[in-house]
Structures are given as structure tokens and as C-alpha cells.
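The structure under discussion is supplied below as C-alpha cells; questions concerning it will follow.
Should a chain be cited, it is by its letter among A, B and C, assigned in written order, with residues numbered from 1 in that chain.
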């Protein structure tokens, strides 16, 4: 792997992704061969926002490689939250640990951490922005369950506006050949324009539909996500529409025999419990693929990890990012770094928010 | 061991219990021989209700076998508590871990978890219902400190009505030969009728007394438990009676020279601090026996663990359990499963509550 | 090491300190040689008061020696806090773990714990009293960064009245040859008289100054600490004076080329972020030295650990310590033990508070 940190899956090439997928499968087939490869190595799980599920997956991955864990999942109780800057915490923890997985409610936090960490940083979720190891999980699952990552008709159902896992999966799958997307949501929760731009740019066909039952017969893969009740216009509309986006055994009768159902979990009620017994339901085994995906990622990242000893300086901009959820607002010492998009547009390198100068 | 999960110690035969006790002693004598037997194995400690003591004992046991730990002890902070069903959590964790210890405030939770877990499940306490590893701890202690599990006069003092460890110890000791019980409590806190039925059915003699001083001279073992202040009829009655159930050095003068004192801990004030220096006090070494007991149990359970890959379906009943603390009320998808007791009586297979149809 | 427990660094001789420093350096040079020396050993981190930083340092130290960890950092959630005495908790955990690191908000807690623990106890901070492993961290840093512990002019800046790390560093450095101290603080926050007595008794020169800029040119070492806003007489005085005690790049221009900056961390704003890029800033590498210092301490303490099996009795005094923050007030069973200082003065052996009879 060329990059030291994994903040966004987009920084990995398709061939690097394939290497991780293949390593994940190799570990799954011969776990004993990998049971000691991280002996003596420490993963720090810095969870500023609790996520038992994701944290357990990372911990299990590291422990099954023979490594060990430090970290926190409850910063309210910790000195970390009391006035210490992200930079100082990361500088110190980067001196203790060999690799860091960080989760935070603000966008761009993992990127900010990577500026100061001697140890490689994995983004374990930064607010509504990115969650690359979930997407890695998704594509390891697809590769194993469909034996390909090409030429699939992929349905995505639920909250397509706010779902970072949906955006990230579309971006990644659009790098592979011949995939098309069926976007199943209410008009209010449809995918943002920039995701449509990506599909258009990569030549992927897509359609937007309003009913899961209508879409399901054509799908090779159905990626379900949660719709939060408060995302609907009104409680009445929620009550009226919710059934349209719930996967049940009736709708499964309309699906292809080899369609696979994925879900990033946790689910609430968008998939009924009876569907669990359908052998096309892959959302539980998906979490096991996720463990192997994280094992493979950790191995690859530790292989080539240089450990820079001291914080570097960065050139800073005189513009402040306008996204109120960007980490630069609570950590004011962070250098303001942007990518020029042309015209008067700047892209914040932390949260990827667009700023008009 | 024939059973995959250990929800209730009653599911183990006397010879299986003896095997665990003997293995615990073997580990205690030669810990180095067992220091790597669980290398590469992961115990998940899922503590929906905090219990630092029990959790530490499980963790220590697994670590001293060379294994490692994932889990939580603070579900308020975790995604686990936020809307995800027990079934989904257990299905996922059962894919990460090799063995699960679960504690919950609702009765029947461990049984419910065992329906969906690929990994073997240990009940680490389900509300006021069962706590089998405490009882295992108690009998490993007795066997080592008394060199037998037969023909003892066992006193149980404190809250005998609500104390699950008391009920469980009586049930287990009534399977061994010639034991008798002296039940020391207020009338309001005496043992439930079903425990008396068990003693009668197994031919164990028992008596109920109101004073520890009166009972203590005849005892081979004294099992002390906490009485919560609020269990008394009134604050006045508490003040009047509390001394009657407190073990102090005066009462110890009345006891046999080889009587052993056990207590599941934590204690509050039912044993005075001076008693700690009496060499008949075994409640601290009891926690060390508990660690070896859990080590032995983990080894036995991992030896024959099949890992079923997928949730099974269960036949469900149209009756709902009437116990308001039964896990079936908060996890409505659970199949309603009962054992017919004859007449119109059904026994809930989760909480063992009796239901009249 | 002669002492079983490390409650106060004063209980170690200078030659014992030097042995720990040298072992820390040896581990730093050849970490692989020490990666398995604590295999099978368990460290319990009992943090009654959260301190993510210190806890992570201890955990990392033990894990990098191949050992493992049990413990808690959130006693509010745990049965430990609910009515159980420190004595009982320590007795039980001393049976599970091989070594214990304890932190508590009350003074004397680590000493109290050491009375009942079969396992050696390390004081990881007891209120405003002692924090010996921080001082060990500081001297390992000094020894490596200055190549000596003698003949240095050491500046200490900030809250010198309440800063336990400052007191402890002065005490320790006064055992080495030819050190002098420059004490930089407001009059209200100057070092207590007993620390001046120690410097006088050991023949160390010291001066008290009111301005960091004035003091900095003469220093070989600058030990910065935090001043809490509320420590100033009034908000106005805080606003007026705060700049005087802030280290910035301007003041660094006045310092010697080989002056080293230390800080126990976390910092708030007493060192500006720009100073981090000055190669004289050693406060981040200091945390790495701290990890090696704790590794060395753990090895030394486990080498000669006897494990006494049962609590001992202690003679008790009829005087109660008058320090309201002394652990003896919340744990009333603790024996009252004092050292006679002459006259009518008694020194509490827990908190070192002076008591006039």
C-alpha cells in the first residue's frame, strides 16, 4: 500500500483493494497462519463517539492476529475530553500504539489525526462523512458471495441522502466494470447530486425508484439501510410509507434466487426477522467478512508503516471551512488546507466540504 | 460436557460437576500447564448490567488461559443498547468470539441468547434467576475446604427469599449425599416453597430458624448473604433485628473449629471486619477458587463446542409468559417456549416462571 | 528493590532509581528482548478516578512486556463503588492480579491498598498527594535528554503550590548532586514551606521569581505545569497575569540552546502550539520515556514480589487524621497509623498530613 493512513477508501487503487480482498480470503481459509503476525503490536481504538459494534470488530481483528488493544470508548469519563487538543492526544497515543483506529462525530477528524500521528491511522467513522472499513467489509462480502465485483445490478434502499455507507459503496463499485445502480428511496432521501456526478463520470447506469417491490426483481444485490423515522416529512407520511421500504418475506418472493441482501447493521425494523432464515440474507455473515477485511487492512498498513518522529508544519489558508460539522471548528490550531476545484471553489481537505470564496 | 451452553447448573450431571471441580484443582496446582491452552481464543463478556467483580473473574480466567477478551460493561454508552435486538447482537458477537459470558437484569436472557449464538454461552447472571458460575465457585470452595461435598450441615443466612445464589446452592448440594440445611432468616425472607419442594424431593433434611447465634453451633458450613435494608417490614424492624443476622467474633466463638464461612461478595456489614482474621473465613479465597472454576468451565465448554452457522427456527406457543421480568417482554420476536408441568401449568423455558393457562 | 509496593518514590534509594533508569534505557534499545518477560502476568488498573493518559501508559507498558490487563476506569458503573470497602476490593483483586496500579481522588489510598494486597501495588496518583511514576517518567526523560541528573539549574513554572508532580520532582532531584531550582509562580501559588525545608536540608540552592521571561535564560531544564484559572485571586488578575506564565516562541528565544522543556501533560494553553516544533520541546517524547519507565518498574517489582496470603492486623492509634481528603475518613476500618515527628506532631502514614495532638 502506498498510503500510510486509510482515511478514505478512494485513496486506494483498485489493485490495492483487490490485494486486501485476497488477503482477507486467505486469512479466512487459514486463520492459524495469521494468528501470531501482530504479536507485540498494539492497536489503539480511540472512540470519541461510542460504537460497540465497530469497536468490537476492530478489537477482534487485532486480537485474532495476536496483537493487543489500548484505547477508550467513553471520552466523557476521560482526561482526553477535558480540554486536551486532538493533536496532543494523537501525538501521545501515536507514541504508545503501532496503529490507531479513530471514530469521532465530527467530519474530518481522522484526516486531522493523521497529520500528527507517528502511527498509521484508520478512519473508523467521522460523523456523516466517511467509514472506509464498512465499505471494505461490503466489497469483501460481495466478492465472496457473488464471486465478482463487476457487471452487477446493485439496489440501495433506505436513506440514500444521509447514508455515508451508501455513498461510499457507490463510489467504490463505480471503479469496477459494468455495475449499475437502482436507488430506492423517498424523493426527500435520494442520493446527493455529487454521487450522481460520480456515477455519470464513471459511466455507470442508474435509476431512481420509489418502491422496493418494484425494484427487487432486477437486483443482483440489495443493500438495505435504516430510515430514521424523523427523516420523513411528517409522522403521517412515515406511517403511510414505511412499509414500502421494509424488506419482508413477501418481497423476497419477487427477488432472484441468487440475489444477496447486505446491511451495515444495526437494523431496526427495515428487514423483518423472518427474512433472517432466507439463505439470501448475508447481513450477519457480512460482519464476519468485516472482521477478516479489517485483519487484512491492519496487516497491509503495518507492513509499510514508517513512523515519523515529530509533528510536521503545514501551510495554512486564510479561509475557514464553512461546514459547521467540520473538525476545524473545534480544533482551531489545525492548518486550513484546501484543494482548489476551479472557479472560486475550494474543497476542505478534512471534511471535503465545498467552500465558495 | 454434553450441553453446549451453561445457562443453569442443573443441566450438568453430578459427574460433569466433579470433572470441572477436579480440573479446577489441577489448574490450581499446575497453572503453567494451562497458561496457553486458550491461545488465540476470544471470550466476549456482554455485561448489560455492570458487575465489575464477576466480569473481572471471567476476564482473569480467560487471560490466565492465554486467551483474550472483547465486550462491554456499559451498554448505555453503546450502540448495542440503542434499538438493536438481543438476537442481532448475539448473532454478530457469536461470529466474532469463541465463547460468550452474558449478564443481564432480565430473567431468561442467557437462555434467549443461547438460541442464536454460534459460540457457547455462559450465564453470568440473569436478574434474580440464575448465576451458575457463582454456585460452581461455591462448590469448588467447599470441596477444597471440606474435602467432601457430602454429609454436611449447611447454614444459609440472610435474604433467602431473593438470593439466587442461595437457591442455586441448595439445588446443587441436594444432588450430593446426606446434606442438610439450616435456613436462617426473618419469616419474610425465608426460602420460596419450590426450594423446599426440592429439598423434600431429594430427601434432604432442613430446618428454619430465626437466629444465627442459635444455629451456628451445629454448622459445618455457613453461607452468609446480604440482607438489604429495604427488605425489612419497616426501618424500626431493621434496626431491631439486623444484629441477629450479623456474623461477628462473638458468634464465631460458638461455631465449630472447622466450620467454614462462605459469602458470594460483595458484603456490606453482615460480616464484621474482625472476622476476616479468623482462619475459618473463606470468602476471600473463595474468589480465587472462582477464578479456577471459571477456567475449568471455559476449557470444558471449548473442548466440545460445535459452531452452528445460522439461526434456527423454533416452534412458538400462543401463550405469553406472565413474569414481568422475563426477557420475552422486551424481545418480542423470541419464540414462546414452555415445558408442560401437568394440569394447566406451563413453565417458561427462559425464566422458569410458572404460567397457568 | 527492597520495597514490595511503590507508593512514594522516596522509598527507593538513589541506586534503585538508577537501576530502573538503566533498565528503562535497555528496554528502549532492545524492546524485543523484553517483549515476553511478563507473559502470563496480569496488571490490574484500578482507576477510581478517570485518567485515560496514565491508564494508557500503564496498559501499554504491560502489553509491551507480553502481559495482560484487567481493571476498571469508571467505578460509577461498577459494583466496586456500591458499598464495597477498598479493603475487600483490593483483597479480591490482589488474588486475581500479579500487580496492581491504583488511582484515587483521596490522599493515602494507595498506601491503604498496600496494607491488604497480596500483589504489589503501584500508586498511580492519590489525590493531590503523590504520583511517583510521573516523577520516574520525568527523571528518565532528564537522564536521557541531559545525560546527567546532577548540577542542573531546573526551572519549575506554574502552580507550584498544588502541583504534586512539582513537589515530587524537587524531592527526587534534591537527592542528586549540585542541582538548583528556580521557582516561577505567583506569590499565591508558590511552593509550600515543607518543600523549601527539603531543599534547604539537602543543600540545594533555590530562588523564587515572578516572571518566566526573567528566569528562562539561566535554565538547563524548564518544567512547565498548568495553572488553573480559578487558582488566581480574581478573573481580572488571571487575565492580567496569564501571559507571564505562558511559554511561547518569543520566550524560547531567551533560552539556552540546550535547555529542555518538560511537562506532565495534558497541557491547556501554558505552552503555545508553535513551541511544539522547537527541538527543545521534550514533552511528547517524555510520554514515551514514561512508558519505558513503567515497563522497567513493573519488571523490578515482579522480580521480588512475595505474595502474602492473608490480611495482617495493624496496631491502631486513637487519633484520627485531620486532613479532610485523607482516605481514612471514607474507609473507617483502616488502622490509624502515624509516625511521631517530635513535639506533639504526628504524621499520618497514609496522606502524610501533619496532626497536632
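Just so we're on the same page, contacts are C-beta pairs under 8 Å (C-beta built on N, C-alpha and C of every residue); 3 or more make two chains touch, one makes a residue touch a chain.
Just so you know, these numbers come straight off a predicted model, no measurement behind them.
Interface chain A/chain C: under half of the residue numbers present appear on both copies, so the contact uses mostly different residues. Relative orientation of chain B with respect to chain C corresponds to a rotation of 120°, obtained by superposing CA atoms and rounded to a multiple of 5. Look at where the CA atoms of chain A average out and do the same for chain C: the two points lie 41 Å apart.
Listed for chain A are residues 68, 74, each touching two or more other chains. Across the complex, chain C meets chain A through its residues 32, 35, 50-53, 56-57, 59-60, 63-64, 66, 68, 73-74, 265-268, 273, 276-277, 284-285, 287-288, 291. Considering their complex, residues 39-40, 42, 44, 68, 70-72, 74-75, 77-80, 82-85, 87-88, 91-93, 95-97, 310-311, 313, 333 of chain B touch chain A.
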